[in-house]
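Each structure below is given as structure tokens.
After this come two complexes, each holding subunit A, first together with subunit B and then together with subunit C.
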Partner chain A sequence: MMRRLWPLAFITFKEGTRNKAFYGISLLAIVLMGASFFISGLVMRDVGKVAVDMAVSTVSFAGLLVVFFVGIDLMAKDLDKRTIYMVLARPISRQQYIIGKFVGISLLVVVTVFLLSVFAAISISTIKWANPDYFPRFSWGPVFLAEAFIALSLVLLSALSFLFASVSSTSFITMVLTILSYIIGQSLSSVKAIVESPQDITVSPVTVALVRAAYYIFPNLSLFDIKAQAAHSLAIPSAFIFWTVMYGLIYIVLVITFAALLFTKKEFP
Partner chain B sequence: MLRVRSSALLLAAIFVLHIFLLQRAATESKMLPAAPESGIVLPTPVLTITSLEFKGFVSDLLFIKALILKGSTYERKEEPCMKPEEWQWFNSILIASTDLDPYFIDPYLLANAHMTWEAGMVRETNELLEKGTQYRDWDWSLPFFAGFNSFFFLHDNAKAAELLATAAQRPGPSEQLLSLAARLAYTEKKTENAVMFLEAILAKTEDKQLRKQYTTRINALQARLLLERGVSSYKKKFGRYPAVLQDIIKAGIMPEIPRDPYGGKFSMGPQGQVASTSDHLLMIGQHSGKPMSR
Partner chain C sequence: MDIINYSRVTKRYNSWPRGNKVLALDDFSLQIEQGEVFGFLGPNGAGKSTALKILLNFVYPSAGTVSLMGKSVSDRRARGLVGYLPENPYFYDYLTAKEILWFGGKASGLHKHEIHDRTDMLLDRMGLKASCERPLRTYSKGMVQRAGLALALVHNPEVVVLDEPMSGLDPIGRKLVGDLILELKSQGKTVFFSSHILTDVERFCDRAGILVGGRLRLVGSLKDLLSRAGSLEDIFMREVKTAEERMQ
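Our next item is the complex of A and B:
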């Protein structure tokens, strides 16, 4: 199985790195990290916090752009350009095709986050070197963990884009649905908290039920956001890490299995 | 060749024209009726939802916005240079910034630096500082500033002592600060607070000499506390204060008058307040006369 998947995964990864958008996104990330020198210079005391905020947020933002513009493009190109017939003419099933593609894009996302994290580390350590007294509670562990969580949430988002790609007809719709899912996934737990214990407003029971239903359908991406913990070196219990990682992995398996099932039924143009 | 040159010339001319047009349009746009600068900050739930996973970053930007708002008023000629509604806006921005990232210390420091002395918004400042105290539970400086504001501006010694006691339980502050808090607690007649507070300090003190001093002071305060409780149970029982402290013993409430470790003699005022001839020692916080800080 893996012997058949690997060439497909590798070629997907390689194709992704050749995408011009990939270079544009990397350039943007480097510019944003450079900007963090100026922004952290405006701060009186918590220079370390702002430096970590800027660097880790940039990793997340650039990673999102890679998922939205490179990942979805890689998936859609095979369908748009009809090259999928050439792949499926080989002894490879549709499920294997989906899984192989997904492994390739996940690899691309993880490698991207790793490279961005290297730039983030350079940015943080340069600011730290210039302002050694303003990093009183800084440690690298939570920063790296936050970046690993970003990678996991981006892989989860890619898995969702696969699900949308296997039902929608164009890559544009896939992209819109993925961006919407991202926004919903990031804000849903806050919305749920607000509608469940509203202050100064009345919420109809239907809304509460809808939000609760959505909470169990959409991924809770805010769980993977531990930038505040990284920025202030707050404690991150290992039970939280374990259960969140397990949740992420199971959600990915669920979505990809569903996508593979839908993809086998899909009629190609 | 000529074609290339004329194209370049045309391009340069259009570029110059563009700069001119931009300046004109920008000047004219200033004549448009505009809303006053002091404005709106989105409510926290809206900000929390719309800033997605970039709450820390948005918090930084809001802080910088407040900083720029304050900085931009330095150029003004009129006095006071910031209007009340601008101070309200400044406060709202800092509240929003600390709602998004309650661990970020700079908004608290900015509020404390300006909103107390310049705007007289001490209660608002202390609300912010107490929020910071709650989240930054390793940081002694925020409860210390809030304690100072309570003491200096609000004349609320009990609250000040409580805040300083919180500061004292956190790593970092000097012993001088700790004894200050104890003195505040004592002048408010909150002997019990003072005892608890000093016990907290004792638990963190390693220096043998200091431990001895603290133990003596705790003993003195405990003796006083015992007497205060005796006086109040006497009052409960007989409906009046005892004439002298010995009355409590005669009434069978206490077996004896406790000894003052500073060697003073306990007495009682007309309102039932317990005092000692060694009070000056307790108030200064020292009986050796040396400064407390190492």
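Our next item is the complex of A and C:
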């Protein structure tokens, strides 16, 4: 199986790393991390928390841009410009195409997050060196974990973009649906908490049912956001780490399986 | 032995959201034998590309069956020994010709040394050796077409399917493709190609078929077809006119 998938995953990864948008986003992230050195100098308290929060947020933001502007483009261009012909003319099934392409894009996302995390570590270390008093209980563990969770949530988001690409006719629709899923996934947990225990407002049972249904359909991306814990160097329970990783992996497998099933029905006239 | 077999194939495209159905192929049957060079003729929108895309399993027939070397085209293994050049090929912008040939060879199960040898030979043959490390987005239309041909042939396929292979080529490129088709023929390969250029079909093909409005109006050996009229052009114009009158 991997023998067939690897060539496609590899050229997808290679094409992604040569995309100009990829360099632009990486450069932006590095500039933002450099800027955090000066910004933290302007903050007179909690410099350590601000530095970690800014560095991890930059990794998350740049990774998100890579998913939206490079990842979706890699998949969508295959469909829009029919580069998919050069792949499907080989003894590669549509399911293998989806998995191979997904592996390539996931690899791109993980490598991007890893490289940005290196710059984030440099940025935090520099600020820590300049302001050691503001890092009394600092620990790298929660920072690296937050970055690993960012990578997992971005891979999950990429999987969703594959699902949307399997049913939509243009890359624009795929991008809009992916961005909407991201916004919903980030806020749904809070919305659910509000509608289930409303204070000073009346929420109809239909709204509660709709929010609950959406909660179980859309991924709970806020679960992967542990920036605050990383900034405060709080310990993360092992059970939380285990179940969050399981949740992410199971969600990815389900979405990619569903995308592959839908993709078998798709035609490329 | 029939290498390619279309049996009563019909293809309708749904035009969403209006729900209109476009009939691209209508009860289309065609058999192509091993070692044959078959020319597929027809005006624009006749259904030639649809027939080729069904063979590659890019689109599915609404009715009928299609097989390649005895295997249903829905079986991915059927494509293992087929090389395909799409009309107006488009490749990954930032990859080089060498890299897409590596992909083609690897995905078709070739060994490292085979990929190396075939890539070297084909890039040289297609006149792309000097530019093989350049990204494909810097290529001219003719160079992309030649890179596409190299990709179609990298795994030394038994069947070569070419959709308008002369499209966008200058006279040198056309001569190169023509020579290539004749070479494939001499090697006993089966070549199935669509074209608008009637003289090319006359030069290279053993048999030809004329498709109009999704129906195969005429099929036969070049010798038989030419014995009916003076030139392929006369036959083509007559068949298209007759078919259009019938459709009205």
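The criterion applied here is as follows: the second predicted complex is superposed on the first by the 268 of 269 C-alpha atoms of A that agree within 3 Å, B and C clash if a C-alpha of one lies under 4 Å from a C-alpha of the other, contacts with A are read in each partner's own complex, and residues count from 1 in each chain.
The rule is short, and it goes like this: contacts are C-beta pairs under 8 Å (C-beta built on N, C-alpha and C of every residue); 3 or more make two chains touch, one makes a residue touch a chain.
None of the values given here were measured: they were computed from a predicted structure.
Applying the stated clash criterion after superposition on subunit A shows that subunit B and subunit C can sit side by side. Legend: residue contacts after superposition of the two complexes on their common chain; A:Val110 is shown touching neither subunit B nor subunit C. Shared-chain residue A:Ile11: touches subunit C; no touch with subunit B.
When both complexes are overlaid on chain A, the residue A:Val211 reaches neither subunit B nor subunit C. Once chain A of one complex is fitted onto chain A of the other, the partner contacts of A:Arg45 are limited to subunit B, with no touch recorded for subunit C. Contacts of A:Tyr85 after superposition: subunit C is touched, whereas subunit B is not reached.
Vertex at subunit A: the C-alpha centres of subunit B and subunit C lie 170° apart in angle, rounded to steps of 10. Judged by the touch definition given at the top, the superposed model places A:Ser93 against subunit C, while subunit B stays out of reach.
Using the contact criterion defined above for the overlaid structures, shared-chain residue A:Asn19 touches subunit C, although it does not reach subunit B. Nowhere in the superposition do the C-alpha atoms of subunit B and subunit C come closer than 30 Å.
Contact residues of subunit B toward subunit A in the complex are 45, 48-50, 52-57, 59-60, 63-64, 67, 101, 103-106, 109-110, 138.
The part of subunit A that touches subunit B in the complex is made up of residues 39, 42-46, 49-50, 53-54, 57, 60-61, 137, 182-183, 186-187, 190-191, 194, 221-222, 225, 227-228, 231-232, 234.
Residue ranges on subunit C touching subunit A, taken from their complex, read 13, 50, 53, 56-60, 76-80, 82-84, 86, 89-95, 99-100, 102-104, 106-109, 135, 148, 151-152. Interface residues of subunit A facing subunit C in the complex, by the touch rule stated above, are 3-4, 6-8, 10-11, 14-15, 18-19, 77, 81-83, 85-93, 96, 267-269.
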